């Protein structure tokens, strides 16, 4: 500052102090607001835990739903969810990974490929209930599969397919091209290169994406409501064509009842659901950690 | 100049990236069991030319060519030719060593395995490593990851990997540019030994290396083949003025 | 040595490639199926109910007598949720993004980002539960006029649901602003507040806008929280403390009941779903278009 007038200097110094204070206040504001998000999460988890922990015990896990809260349990919902996720995984994972392989390794850069990729991006943003309507019209009615596990699994697969494809594409793209070049130079065909080098390298990323997609499938309710997953199911499915219920449906059903006790049951169901999700995400983190170590 | 038929022969070869002519009408013979060096300043098209010799340019979008490349009098780019098979005969070592993230053994064994070359695999791996002067250093740890080797060792591993395929020609794209002088010297010694069984085409920006190692030298500039001849002649009695300026270091 | 043999037609390679292509093409088939199904029933619906009445009518009572088929109450319900969610998610999301990209240490980032991911991963039915059993009672304490089912509770949890996405996208947008721009500001003696609010945020504005658009799209499509907490009363109102019904909640209501297929009520499901689908699609296209445009600005 060239101005040597002491009055102006004092004025500028005061101004500077104010601006710096303003800056600090802003920083605290932003960090406080961010902390708010953490607080909300803590609040949510605490509330649910307090509401429901009394109900989560072996009897709860091993009983069917009932009109009488003391006897009610989530056995059918938990098993139904496992059946649903199992079949969804069998359908969606190969389709999604192979689609990603096509798009990253084989597809020419033409308008058809671009069109396919636009479709995938758009489907990723379509509300899940629309997938439910699709499942209802096509799998339940048109293909006559009824309100079965397989209809639910097919619907869920379509829902999470874009998620898997996008994650797998990312993982495949991050494999360095020098690896592919080395393999091609040894006289390998494209599939040999993909199978022996690209896929193994991309596997951690693909698995992480798959697990996250399946987590999403476990928590989705709306599509299952649309295809008619029943809310009072007192049996376990024994085959893919059987009717079923699932954890989110059961939770929804109990929450929608006016009685307080059913709300507590719902909280118990939520605790089980969150536990399952926690396990899956821990698995994803573990895979990511092991994958990056290599 | 040798009278034998060259094993590879480029005739009026031009290579285009889209509309950009990166290699301009080159005619260049590669003689069997000799080392041919291609020198020239950065960006003169030597790597592009090298990659066309084993059809690695096929993987780059928008690349096209005019003229032809003959492999023993057969058009390498004919519709009837399978590029995968061409690469069995014409191998490549890249500028930066790119071993697979697998064990040393599996790096070398992979190529012969998928192409079902037959024979005793262990013996093949051992021979390849011996030919690449790496056997003594890794014989006791073939199951170690290739990524644990030093830079120079990894590049020799990549050479062994190419050798295991028993190709006729080995293309090398500046194989020593990422290595220290000691590793470079070891690989240069290697080339003298390999020459007895393999044809080698080596792209290098290191003129001294070209002068030391090669039998024939091609000098490229701006996509054009300025001069080609026996190495001795190109370096001591160059026919073109541009060649003389380059090899005496007046530019590039 | 032998010549190079003729090109072997590698059958298995060809078959594999076609198989992979089909897997990728499934996405196109899915979109076509969605459009076809929605369109078919919606057009049938419009044979009975005039389009104008559907789009501009202010009473929605397809399940009661007398029947009215004006969708505006459902749209209004959805809008209340969207606006409420935006009020919650945008300021907090942007402020969090600013904190993450401009102020947070590596450690802080490594804690906050996973927490946001957890928030994003919680199933929507859980948020519905939270709205009904925690937020609504809380609201009724503060504002006793609040009805048991109300738009505000649902809007708040939808905002929380959408918050991680907003924060993440804005964080990406702010981090994409080159460091050189910031350094220019700092070298002129500006404080971090001034650099952030006058240089960084304006530079990342298109990314922030894209985040906003995509968040709105997500809020429109949200189903479970609004079904549980916002009510089943189609209500053309601007009062968030009242019970309303969103488009998505209506679709759930119809499918939970016994509606014979082919009936007009059954068709309303598809008509409403069409509106839902078209609006989210347009917003998604807008959002990704804006995102792509802003990515070019720095190159």
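Every chain is named by a letter (A, B and C) in the order it is written, and numbering of its residues begins at 1.
Here is the rule we go by: a residue touches a chain if its C-beta (ideal position, glycine included) is under 8 Å from a C-beta of that chain, and two chains touch if they have at least 3 such contacts.
Not measured: the values here are computed from a predicted model.
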{"item": "Distance-to-centre winner among chains (Cα means, whole assembly as reference)", "value": "A"}
{"item": "Leader among chain pairs (count of C-beta contacts)", "value": "A-C"}
{"item": "Maximum centroid distance from chain B, chain identifier (CA atoms)", "value": "C"}
{"item": "Inter-centroid spacing, chain C versus chain B (mean Cα positions, whole Å)", "value": "55"}
{"item": "Intercentroid distance (Cα basis), chain B paired with chain A, Å", "value": "48"}
{"item": "Geometric centre distance via CA averages, chain C-chain A, whole Å", "value": "15"}
{"item": "Multi-partner residues of chain C (each touching 2 or more other chains)", "value": "none"}
{"item": "Sequence positions of chain A contacting 2 or more other chains", "value": "189"}
{"item": "Multi-chain contact residues (two or more partners), chain B", "value": "85"}
{"item": "Residue numbers on chain A that touch chain B, as the complex places them", "value": "109, 176, 178-179, 181-189, 192, 196-197, 200-201, 294"}
{"item": "For the chain B and chain A complex, residues of the former touching the latter", "value": "54, 56, 59, 61, 84-85, 87-88, 91-92, 94, 96, 98-101, 110-111, 114-115, 158, 161-162, 165"}
{"item": "Touch list for chain C against partner chain A, complex", "value": "10, 12-13, 16-17, 19-21, 23-28, 30-31, 33-34, 37-38, 91-92, 95-96, 98-100, 102-104, 112, 115-116, 118-119, 121-126, 128-130, 132-134, 160, 163-164, 167, 191-194, 196-197, 214, 217-218, 220-224, 227-228, 248, 251-252, 255-256, 261, 269-270, 273, 276-277, 280-281, 284-285, 288"}
{"item": "Chain A residues touching chain C - in the complex, by the definition given at the top", "value": "19-20, 22-23, 26-27, 29-31, 33-34, 36-38, 40-41, 43-44, 47-48, 51, 94-96, 98-99, 101-103, 106-107, 115-116, 119-123, 125-130, 132-134, 136-138, 141, 158, 161-162, 165, 189-191, 212, 215-216, 218-222, 225-226, 228, 248, 251-252, 255-256, 263, 266-267, 270, 273-274, 277, 281"}
